[in-house]
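Heads up, the next two complexes both have subunit A, just with different partners, subunit B and then subunit C.
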Partner chain A sequence: MSISKRQFDAVVVGAGGSGLRAALQLAEANLKVAVLSKVFPTRSHTVAAQGGVAASLGNDGEDNWHWHMFDTVKGSDYLGDQDAIEFMCRKANEAVYELEHFGMPFDRTPDGKIYQRPFGGQTRNYGEGPVKRSCAAADRTGHAMLHTLYQRNLRAHTQFFVEWMALDLIRDAAGDVLGVVAMEMETGEVMILQAKATLLATGGAGRIYSASTNAFINTGDGLGMAARAGIPLEDMEFWQFHPTGVAGAGVLITEGVRGEGGFLLNKNGERFMERYAPTVKDLASRDVVSRAMATEIKEGRGAGKDGEYILLKLDHLGAEVIDKRLPGIREIAMKFANVDCTKDPIPVVPTCHYQMGGIPTNIHGQVYVPDAGGEKVVHGLYAAGECSCVSVHGANRLGTNSLLDLLVFGKSAAEQIIRDIGSEKAQKELPKDATDRPLARLARLDSATSGESVAEVGAEMRRTMQLHCGVFRFPDSLAEGVRKMLAVAERVKHTFIKDKSKVFNTARIEALELDNLVETAVASMISAAARQESRGSHDRSDFPNRDDVNWMKHTFWWKEGDRLEYKPVKLKPLTVESFQPKARVY
Partner chain B sequence: MRFSIYRYNPDTDAAPRMQDYDIQLEPTDRMLLDALVRIKEHDDTLSLRRSCREGVCGSDAMNINGRNGLACITKLADVKEPVVIRPLPGLPVIRDLIVDMSQFFKQYHSVKPYLQNDTPEPEKERLQSPADREELNGLYECILCACCSTSCPSFWWNPDKFVGPAGLLQAYRFLADTRDEATSERLDNLEDPYRLFRCHSIMNCVDVCPKGLNPTRAIGKIKEMMIKRTV
Partner chain C sequence: MADLDRIRWHCRRGLLELDIILERFNRQHLATLTPGQLEQFKELLELDDNHLLDLILGRDTLEQDLLQPMLSMLQAA
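Up next, the complex of A and B:
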């Protein structure tokens, strides 16, 4: 089988917020860039982000980047690297103004500036009270941002490979990454895309859980590719459960509802967050709110027939505010909960939403592997956005910091690529085995005549994560989860698909996606079982407290041998004083 | 529940056919997309696009009982059995429910759907009054699902020449943006017997838009701008 080959300066895998922001920078620098996406770019999951993008513009009340930095460090439960957090918060205003200049249809204040709303964990003066920091386009900020970035890329003549799936990285004996092997979904054709720089911008893998706000396409493709290529995954035990997914459906209801003045009620009509977070109440960070909700449900104060959900009340905002600021929420509540939220509360439950961990990178988007306490850069490989771990979110991400992360680190990775490629004239020679692994994966699916269905094995993986690695975690359950997940990983090797066609074979795509999902799930279970403390989204019954003496460190999981390694959190920011760990109260 | 689904795989089929499925649904299956995913668990050869499953990505547009819509926000309780599902009309079928959308996107791209403004950028944001920003409501929310354009007879006849409702809605989104400076070039780009004027206000687009948008109204506004600049 002869495989065609094309050469580029840079290949960007993924066309969500970070991929498109990077691609724009690369295309405008006149690099030869290819952007691969499993879906048409505007269908990437950034489109579903609702509430806003954080930046301390101070358009409605005083704000500054240092307050934002403090909130992000505290929100991360002191697991975030403070150099990266300073970098992101300082770049935030520029990133948002740029987006506005690109044509982003932000809502406006009466004096014509970008509209900002409060969000969980975003405060003024180091925790005194909520601040308006989240720049919003109604409750469709991600949609507006993704379309704006795609449109700007059209202007820059970026070259897209739409409905192409990257299968595996090409890595040579020296450890350098030389591009990807990818498949065109429409024809089944496999091609080598050789590049001096490969940027993974493949998003999260929230589909490892049964109840998830994530799109079907969020299958951790970049994580799977990295793991198979011998690159570790960082902090995979930290999964964010968004407090307000529609009960039963999993569809996201933005925290912006609470930012605009909505609040949560238990079955007694009690505004219970006042007990858990006396200062900012419903605008505490997501891990805190989700745990409070799960506690209410566990202790029998949930609403609904079986006490299985919490109520999100917003009717008091009035139909006018809801239609102006939260029109998408009104639509979702009507469609997925049969509730007119201008009259009745929306039934919600904590739902898997965001992956704080990912492929280890520095602030320039360069992927590294831990090496004798330091960081050894993987030449030619970069990552940005949810698939990466830089780590600005640590053990818990603050709402609206994710869109900011995409913009800042998408651009920063592209700038590093431009610097790196400047000195590099020729492509390196491809290794002989460049296509061996992806072709073997495809050949197995083509030739298998029997085996388990992809849907069944996938369902078992999702159930296992849901049951053993949820909001509350227990030692025996974690250990059992690890055993079950290793068994699932074994079963994934023996899946079978009936569809053997070359043309738009979505059964094959789903089988290949499961390969990636299961790497993520194994990494998550093993990392979670090993972390003996409670921090951010990781809450263990047997170790109920944060342990800054032994566990202020990042986890690295290596696929080979399921090995774990740790590296201390970077407490030293770029220019300012460190924020020392303190008890986390909201 | 009973479904009749359009099947065609150029690899194996001489011609398209309709295939019937009788499927036992779970209580949690509320939307048509849930049912299609359930069917695919039994027959993995059924091909369709889907992603966000909440009506914002625009992947799973299809023709449902004769009407274009998104499977993920079409309630099973609201559709008559057997549910007849076909690919979006008027575009070449790649396989099953997957159509070739190149022509649709080509028309979208042809309106230069990006902000054009050569004035040096200010240090902060460009100012825009809330009233001016409101002009973009009902326009920027488009998800490019193609339900509208593929229900438009004018687009069926001239997909290569008529921009179609989705593209024109976006053309107006930039004409209506006070920050955009290319009004005259944008109107020139549409001044042609086909590109804009093939719209005969049939309003199928308005009828099917899953986001409740009104391309016909936007097209009317562009026509008004055309007339205004000639007098």
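Up next, the complex of A and C:
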């Protein structure tokens, strides 16, 4: 089979916020840039981001980057690397002003400055009180950002490969990455996109959970490609959950429901939060509520046929209050839970929202592998955004820091690529086996006449993550989860699709996506089972406390042999004093 | 067939809410839509994610009445 080949200076995989930000920088430096995306760029999952971008502009009250840095270090539960956090917080204002100059329609103050609002976890003077740090465009910040960046990319002549799926990285014997092998969905044609630099910007992989707020496209394609190419995944045990997503759907029910007087019930109709948080009850913090819900479900008091969810009751508020104070909730409940919430409770479950771990990168977006206590850069490979782990979010992410992350590190990776490519005149020679792995994956799917159903194995993977590696983790359950997930991974090797057609074959795409999801799921389960402490989003019943002596370190999972390796957290910032670990109380 | 496959992929969106509604709609209706309905559906799929979701959830209304029958089907899905 002859495979066509095209050459670029840089290939960017993914057209969400980080991919578009990077591509813009590259194209404006007159590099030949290709951006691959499974969907039209402005339909990337960044479109779902509502909150805003954190930056200490101080437009309404004093603020500075060092306060922001403190909040981020504390929010990360001291797992974030302080060099990366300093870098991000110092670059925040520039990132926002750049976006403003690109035409981003930020909300404004009466005197024309960017309007800023408070957001959970963002404080003034090292935790003294809330600060107004979030810059937003109504509740459509991600949407506005994507459109702004996409338009700028068109102007800069970025070349888009829309409805293309990257299948695998090309790595030579020296370990250098020389581009990707990708498939055009419309024709099924496979092509080599050779590049001096390859940037992974494929977003999170939240679809490994059965309860997830992530769109269907969030299948961890970059993570899967990296893992198959022999690159470890970092800190994959850390997933941020939201307490109340609609069971079976994942659509979020605002925490405002509990703020307005709604409360949670178990299958016996008991208002169980009274037991876990006697004074604040249902208004306890997210992690306390999530943990209580998970405990009720684990101990057999969940509602539903399989006892798999909790009930959120709000009918006692009355239709009038619901419509006035919680606009849109009735439609959401009806549409996604098939429940009239003025009469019946909404089935809810703690729901996966954001991936803190990912492909290990330094502050210049260069992907590295841990090597004898240091970091060995993978020449030609870069990563940015939710698929990467730099690590600014550590064990938990602060709201509004994710959009900042993708702007700062999208640009930073591009700047590094420009520096690296400047000294490289020619493309390296492709290895003979450049297309072997992806073609073997496709050939297996094309030739298999029987095997496992993609839908069934995928569902088993998501159930296993949800049940055994959810928001609150139990030792026996984690151990069983590892066994089950390894069995799922084995089944994924034998998936089978009936439809062998080439044109927009969704079944084939889903089979290829499952290859990527399962790498993420195995990495997460094994990393979680091994970490014997509770830190940030990783919450274990048997090790309820943070253990800074033994566990202030990053996990690296290698696909080969499911091996784990650890590396100490970087406590030393770039220029300032280190923030020493303290109890994380708000 | 190929056209339906293309439409099915164009129902992959950035917003989970749309993924769910469109998948449900496709399961119920895609195979039996008339050519005219298919054209309307394709036109709605060209809209931005947030705008399309606002329309389906009734937070916004269409500027073009021509697409209303198809939008009503989506709203009922």
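We adopt the following convention: the second predicted complex is superposed on the first by the 480 of 586 C-alpha atoms of A that agree within 3 Å, B and C clash if a C-alpha of one lies under 4 Å from a C-alpha of the other, contacts with A are read in each partner's own complex, and residues count from 1 in each chain.
Simple rule for what comes next: contacts are C-beta pairs under 8 Å (C-beta built on N, C-alpha and C of every residue); 3 or more make two chains touch, one makes a residue touch a chain.
What you see is a predicted model, and the numbers here were worked out from it, not measured in a lab.
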item	value
Joint occupancy of subunit A by subunit B and subunit C, clash or fit	clash
Partner chain in contact with A:N30 - subunit B first, subunit C second, else both or neither	neither
Larger contact residue set on subunit A - subunit B or subunit C	B
Contacts of A:V454 with subunit B and subunit C, given as first, second, both or neither	first
Touching partner for A:I497 - first (subunit B), second (subunit C), both, neither	first
Partner chain in contact with A:N550 - subunit B first, subunit C second, else both or neither	neither
Partner chain(s) touched by A:S578 [first = subunit B, second = subunit C, both, neither]	neither
Partner chain(s) touched by A:F106 [first = subunit B, second = subunit C, both, neither]	first
Location of subunit B clashes with subunit C - one stretch out of 113-121, 167-175, 203-211 or 221-229	203-211
Interface residues of subunit A shared between complexes with subunit B and subunit C	39, 42-45, 47-48, 140, 143, 147, 186, 215-217, 249, 251, 328, 331-332, 335-336, 501, 503-506
For the subunit C and subunit A complex, residues of the former touching the latter	1-2, 5-6, 8-9, 12-17, 19-21, 23, 48-50, 57-59
Contact set on subunit A toward subunit C in their complex	38-39, 42-48, 140, 143, 146-147, 163, 185-186, 212-217, 249-251, 328, 331-332, 335-336, 501, 503-506, 509
Residues of subunit A defined as touching subunit B within the complex	39-40, 42-45, 47-48, 57, 96-97, 100-103, 105-114, 137, 140, 143-144, 147, 151-152, 154-155, 186, 215-217, 248-249, 251-252, 328, 331-332, 335-336, 453-455, 497-499, 501-507, 510
Residues of subunit B touching subunit A in the complex	9-12, 28, 30, 40-41, 43-45, 47-59, 73, 75, 94-96, 98, 101, 105, 109, 112-115, 117, 121, 123-130, 132-133, 136, 140-141, 143-144, 174, 177, 179-180
